[in-house]
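The block underneath contains the structure these notes are about, expressed in structure tokens.
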Amino acid sequence: MSRPTIGVGMLGYAFMGRAHTNGLRKLAYMTWPPPADVRLVAIGGRNREAVTEAAQRFGFERAETDWRAIVDDPEIQLFDNLGPNSLHSEPTIAAAKAGKHVICEKPLARNADEAHALWQAVAGTGVKHLCAFNYRFVPAVRLARQMIEAGELGEIHHFRGSYLQDWLVDPSAPPSWRTDAAQAGSGALGDLGTHVIDQARYLVGEISEVTGRLRTFVNARGDQPVTVDDAFEATVGFEGGAIGTIEASRFAAGRKNALTWEINGSRGSLAFNLERLNELQISTGTSGFTRRLVTEADDPFWSFWWPDGHVIGWEHTFVHELHHVLDAIVNDRPIGPYGATFEDGYRASEVADAIVRSDASGRREQIIYRG
Amino acid sequence: MSRPTIGVGMLGYAFMGRAHTNGLRKLAYMTWPPPADVRLVAIGGRNREAVTEAAQRFGFERAETDWRAIVDDPEIQLFDNLGPNSLHSEPTIAAAKAGKHVICEKPLARNADEAHALWQAVAGTGVKHLCAFNYRFVPAVRLARQMIEAGELGEIHHFRGSYLQDWLVDPSAPPSWRTDAAQAGSGALGDLGTHVIDQARYLVGEISEVTGRLRTFVNARGDQPVTVDDAFEATVGFEGGAIGTIEASRFAAGRKNALTWEINGSRGSLAFNLERLNELQISTGTSGFTRRLVTEADDPFWSFWWPDGHVIGWEHTFVHELHHVLDAIVNDRPIGPYGATFEDGYRASEVADAIVRSDASGRREQIIYRG
Amino acid sequence: MSRPTIGVGMLGYAFMGRAHTNGLRKLAYMTWPPPADVRLVAIGGRNREAVTEAAQRFGFERAETDWRAIVDDPEIQLFDNLGPNSLHSEPTIAAAKAGKHVICEKPLARNADEAHALWQAVAGTGVKHLCAFNYRFVPAVRLARQMIEAGELGEIHHFRGSYLQDWLVDPSAPPSWRTDAAQAGSGALGDLGTHVIDQARYLVGEISEVTGRLRTFVNARGDQPVTVDDAFEATVGFEGGAIGTIEASRFAAGRKNALTWEINGSRGSLAFNLERLNELQISTGTSGFTRRLVTEADDPFWSFWWPDGHVIGWEHTFVHELHHVLDAIVNDRPIGPYGATFEDGYRASEVADAIVRSDASGRREQIIYRG
Amino acid sequence: MSRPTIGVGMLGYAFMGRAHTNGLRKLAYMTWPPPADVRLVAIGGRNREAVTEAAQRFGFERAETDWRAIVDDPEIQLFDNLGPNSLHSEPTIAAAKAGKHVICEKPLARNADEAHALWQAVAGTGVKHLCAFNYRFVPAVRLARQMIEAGELGEIHHFRGSYLQDWLVDPSAPPSWRTDAAQAGSGALGDLGTHVIDQARYLVGEISEVTGRLRTFVNARGDQPVTVDDAFEATVGFEGGAIGTIEASRFAAGRKNALTWEINGSRGSLAFNLERLNELQISTGTSGFTRRLVTEADDPFWSFWWPDGHVIGWEHTFVHELHHVLDAIVNDRPIGPYGATFEDGYRASEVADAIVRSDASGRREQIIYRG
């Protein structure tokens, strides 16, 4: 076979490490023929024992405890950074400067300045870069994008998006790097809110103004202070004239992974809920909403999968996303607009920062995107 | 029988006139024994022919084209004002000063100043006064209130409420008094938004701050300018510490009468949708949501109705509300906290005005309620 | 006004008495102008005190404890029989022979023989006769019928209908006439199953064969034996070639009033649930199901009601049904096919009897309808 | 590592071949540590080119066009038969006689006699045998089983199960082996109905009697006659006293992969829909139904997957099922009762045959299971 081989180095072996590795391994046989053969060269993390076991489990050739050993490896063409937010910039820039294509988990950085610097540094190298807003790769979301691009919703009036979880509503839930501003930058805003912001930008267009309110309901966990937000609420205005709301919370009892949005346009509406990710609710004109099970061969990505009606799961967004990256590398295609570039990652951070500023200033904040 | 008789005078005979008359007629036999016998004395409106037919249809003894003939009538003990917002203050104050108990449709007035003056003038007379936020009288909403009062949700963290309709998304929909600021005061904000604000106050507590954004998507209908908002978005903060969003739109294609809210507390969550008004979604702790059909004899109001499982409709909120008013009159009970008083009507207007101010100022607005 | 007046005599004042009276009183002002003015002449029942109070409550001119005093009254043109099944035949026949139009609750009789005799006796008199299968008058059901008549579903392949309640699953629930074969004829089959059978016939067409299985799960309640079925299951074949299932149960924990059906045709499908009676689920071709809120002015009956999106309740089926009867009387229009005649009542009993026969014989039973 | 290695030989490389291979490959790293390392030794099929490509794609060491080369291979310890129903018996028996553990797709055979012979022949060899009723391995279904085993539903009264698809409602859909009785045995009954039968047996218990009706709506496709059923309807009685309905159709427009059931017991109810396979609807007592998202670590199988709220897909049933088989082999544990043995496969066929017999005889058929 004439398929190229892409060597992958990964930083991070826990939740996201499993999800990305699974995506890379599955695309080898579910998307046939795949754009490239994937060679799992090295996986990195701080705990030698754990990363060694992860390498065995996931099939990487070796484990590393120093990320430099990964970004320096000439056998690696794609560097996939899944570390905590504070570890996004330095390794990713180093990898790009070493000529490797790069993937970085969201949020791209702890704030817009850091994200902008990361984007600029990487963009200057000419490598492909993707910020892993994987929910762009839910088939229902891609279908929504295509319907909106085709004008099926007409002029967009409203976007209302939420990302609701409940794992911190229990005051005895333990602290983690996700509740520490030094490592995470922010809380629900960066972790969940940037997904909603990215969906808003992907589906409706650029956000031009926000107001926002952050809140921390439980100020300490164990013996550690909680230095990030537990939840936030925002109003948003779009360049195209639409208005809406964006929010996220880790305190929404009974909601597990409820990234939901509804979009109302002059010709119809769409609604989505990640807990039922195989479905898109479609209202044509002012008729009621049709529950469409997005499992047909003519839907985005569906050729990879099963006969109509056989639903997929959360993890498959990574298969689609990583396929997109490999295809972009091998065939020199752009990551955007269907994949999120580092510029998209930066812009989401710019919106998130404006929400933080508005919380402090009490003012509606205009958003100025840097080039 | 020893039941007292209450003479009713009504101003307005269209949509709301039908709804209130139906409520008054039905409670006579559905709530048994009713607090009072109702005598439909007079109904008023500007079009003599139409109001005369309405009197025949609904069983009023006479029709009037001058509201003064109603508020002056000594046979009337209860004045029910269903006119356009610009006709709320003067007749209602006159009726109260004539010693009649008063009901006034929502929004109580075109702005907070007018609402405050109306409340103060009426409160000084000592009559009973109810602002017809009828959705307090949906059984599911009353049940929600009772659960929250009993502490079943713990500390409240979030309220997200919307009232979505789509009857103006068609740009050729005609103008009406509802799209004219002089008659209506505001658009979606006063008509729909005040319902959401009242639900928020009724269920979660006093709102202390807002940000807001209003928008008019279609600037003229027929040959008339649209001088009110088509939609608005707001963030809200409550005195008790919860944060949330409130919005309303007449441009949400596919949504017909979707007053929806979700409340998340430290011990559970509740969710409601007026399009399925017989149901309350209840999450106890972090379990999933239970769809409870609110039709059991131990639910609020249900003794008036049918065996468990036999659902009621939108109109029945008025039966409950008017029963509440008659009971308050006959047994000298307070309208609040389960019914909305004119103070509640005023407070909703204060929140609405703050949303308008925030739209203009670009600032988070604190809300100061006048005594 | 030139509207005729129809004097009504009613037998039964409990659950169904309330529902029918409410229908008669409401249509006077909700359906405008109504086909006739209704005069509530007499209401009958065995308990003098109770029926006297009911007459006061509902506005009947007098109360009677002997049904003959009603059927003999020349002021009465419409006799509405809501008594237990064992009291359907004799009073109804007497009323018809006295020239009164007749309504009789479902099931029309305790078995097909009795129903056939009742139908024949009444049909011979020339009066209008309606068997109160009120769910034909749910707007969503009428819309379904009209869509099927217009060919929008193509050839019908399947009907699956259930009527599930749970009020007997508690073994300590008390006995009533509904659990006594002498008074009720059958249990879930006659009470709930005939509704499903009537929906099947109304929407899909004549049933030609069945198999069936009845079951009584709790054999005694209090000190009385349960002599009727608690539940049944059946397969059905239609003359037009469709096949399906029909069942009913009073033991379906968590289901309160769940009359549900789904119909699959060669061009699309429809689904309905009485617990959400304002909605019809519509699949056009093999697309997913659209939840249509049946509240638009061009839907059946909706001109009687409120603006789009303002839902109605269970009780309104009786308003529609009784309006239909008055219109048929005043304008000499047929009760069928949209209303159920006594022939429809008889045919439902013929199907129910065949289910009982099949339970005993272990055979698929053909159904032969008598003329 | 001391994990044993299990060599796998697979017959069939299309839809089910992909699904099983994916399961085998994923369990290697998702279920950690896996019970065994899997070696994909050989895959077989009739088309040399296609099976050779499949071997490359899925990672099998070699491709075979004669199944005997697989069942004779001493490197293979597990034979996974995914061929058409007519190819189930001979290769599976040969493999078992060669000492290999065996998996066979459902339905186990084209009829009960063939299934019985297959079961008996294999059981005599002492190898592990699983009939691939994979829906036993949906987490929601396993949870339902465990709740019922624990008595949470009390005595079971009803089971109503359907499997609805719509891929044949289009009369121009082409013929396949699935519409040919010689290869498939039956149509919707064997393909879909046996899944429902297995769910009924797994959750409620043994079926003792049935009535049934089969139908073929389109008698020819292309130039081939359709010799199997397009749909069937059945009533069922269980040994434990419950009654219910079972049906399947390939003509249910708008239903894609809707395996649904509801179970009503004396203490509560459960409901499931494969199109929303991450959810179980639970009614405790007669309360309403709670939508539980089955993604928590204490749910069956969930330790293999992602944090709470991150849903899985249809394909993951095979991961669970194949893990179960490997665990049974390595640790000498039984396949049943959580996995379906060949005896379960045979018993499902016995029920299916009784439905066919009842269709022909017009009689309720008792089911006698052979030992």
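Going in written order, the chains are labelled A, B, C and D, and every chain counts its residues from 1.
Just so we're on the same page, a contact is a pair of C-beta atoms (placed from the backbone, for glycine too) under 8 Å apart; a residue touches a chain by one contact, two chains touch by 3 or more.
Note that the structure is a prediction, hence the values are computed from the model and not measured.
Taken over every residue number at the interface, the positions common to subunit C and subunit D amount to over half, indicating a same-residue contact. Across A-D and B-D, the chain pair carrying more C-beta contacts is A-D.
Spacing of subunit A relative to subunit D, judged by their CA centroids, is 36 angstrom.
The mean-CA centres of subunit C and subunit D are about 42 angstrom from one another, to the nearest whole unit. One simple way to say how far apart two chains are is to compare their mean CA positions; for subunit B and subunit D this gives 55 Å. Counting partner chains per residue, subunit C shows two or more touched chains at residues 287-289, 293. The touching residues of subunit B, when paired with subunit C in their complex, are 1, 15, 18-19, 21-22, 25-26, 29-30, 32, 56-59, 165, 167, 256-258, 275-278, 293, 295, 306-316.
Across the complex, subunit B meets subunit A through its residues 155, 157-158, 160, 162, 164, 166, 169-171, 211-213, 215, 217, 231-237, 241, 243-245, 247, 249, 251-255, 262, 264-269, 283, 285-289, 358, 362-364. Considering their complex, residues 287-293 of subunit C touch subunit A.
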